Amino acid sequence: MVKVEFLGPISREPMQIDAKTLEDVAKILSEDSQLKEWLESAAVAVNDTLVSSTDVVLKDGDRVSLLPPVCGG
Amino acid sequence: MVKVEFLGPISREPMQIDAKTLEDVAKILSEDSQLKEWLESAAVAVNDTLVSSTDVVLKDGDRVSLLPPVCGG
Amino acid sequence: MLELYDGALHVSEILSRWYDEESESNYGAYIPFIGTVRSEDGIDGLSFDIYEPILQSWFDAWQLRAKEAGAVVKMAHSRGDVMLHESSYIAAIFSPKRRVALEMIETFVEDFKASAPIWKYDLKDSKRIYARERSTPIKGSGILGGKR
Amino acid sequence: MLELYDGALHVSEILSRWYDEESESNYGAYIPFIGTVRSEDGIDGLSFDIYEPILQSWFDAWQLRAKEAGAVVKMAHSRGDVMLHESSYIAAIFSPKRRVALEMIETFVEDFKASAPIWKYDLKDSKRIYARERSTPIKGSGILGGKR
């Protein structure tokens, strides 16, 4: 199981899902039409490290975070 | 007569000279070997306005200033 | 050093303290950037969410980058609500020479805008509205969506 | 506004006062540049001569240029002696948006270095030595010399 966290304006509680890769995460999250919209603009971090491809193998207990578009300052 | 002022590190008292143009000023000042050195690197202002050529006619009472290389800050 | 505060920043205190902190460090140039909430579009203020673990690692990477250039970077940012004409953001570069500082403050502030995990909301009519149209997707965004 | 002081600048006072002066002006970005005397080449400090009439007209032209870009420029500089780790120069841009401020502080500081009629001296072994090799001829220099 991995934990998925939704940061900033994606107002969702964290989810526990059964995923072995980020591809699996994408598949599961895209089944939710509201989340699907965010997937196109959100960056992804695994255990607080930003990743640039879905070619990441997930371990049990990993934490995946979705970061929507930012605007600090 | 025009007044010539030497600014910053050119430690000279102001001079009153008889000059109708900046060319005249250049000729008179270049007779002093210490001043001659400064002429090559100094900017020139007439009545506190910087000028970019010697093609300037001077009136009686005008003030010519020599500004050596600067370094504020 | 990264400083996060609840609400508006105490600009004078921060600028003075940072100046004093580096007063014996022999830096010739100190350039702070201060960001203040502007009155526009009828907002009452802005509000901010910050995801601190990733902000901290982004900032740590910048500290290293500054150090390699002989410089120091400092930053302060607000969490939560900041009202009109209050300040929410200060970034500063200290460096021996002016060129490094002038170039780095610009690069830092632009990278901050593009990368720092901070979300901005307009406070308007007692609502907190995500400023989506002014926000920038972090580099690499969309890998779980259409951009795979 | 152009402010000239005898001796070192009171940095905190100036930065805070300028911030307060513009606190209701709706500028989103405030970028001061603070120049501090560095310990190098065994100097005890620096000393400055200023020719105020031409500095003022140079600064007036910049105020106009800033105004056309919707911005404000402020500057403070020391006359006379400023010792190690004291500050002799502060310039600042206020503007509605960050891009204008980031670009203008750089252009302003570089033009200041090239054009402002201020002369710098090293204070060393109780002498005041013109920093000739670090100085820049003002544009158009040399018309009375070899460059006619």
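We call the chains A, B, C and D, going by the order they appear; numbering starts again at 1 in every chain.
Quick note on the criterion: a contact is a pair of C-beta atoms (placed from the backbone, for glycine too) under 8 Å apart; a residue touches a chain by one contact, two chains touch by 3 or more.
Computed from a prediction, not measured in an experiment: that's the story for all the values here.
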Chain at maximum distance from chain C, centres defined as averaged CA atoms: B
Approximate Å spacing (C-alpha centroids) for the pair chain A, chain D: 49
Interchain centroid distance [CA atoms averaged], chain B/chain D, Å: 25
Between chain B and chain A, distance of the C-alpha-averaged centres to the nearest whole Å: 71
Contacts with two or more other chains, residues of chain C listed in rising order: 35, 98, 109, 113
Multi-chain contact residues (two or more partners), chain B: 73
Pairs of chains satisfying the touch condition: A-C, B-D, C-D
For the chain A and chain C complex, residues of the former touching the latter: 7-9, 22, 25-26, 29-30, 36, 38-45, 48-54, 65-73
Chain C residues touching chain D - in the complex, by the definition given at the top: 11-12, 15-16, 19, 23-24, 26-39, 85, 96, 98, 101-102, 105-106, 109, 113
Residues of chain C defined as touching chain A within the complex: 35, 48-51, 53-54, 57, 77, 88-89, 109, 112-121, 130-132, 134-148
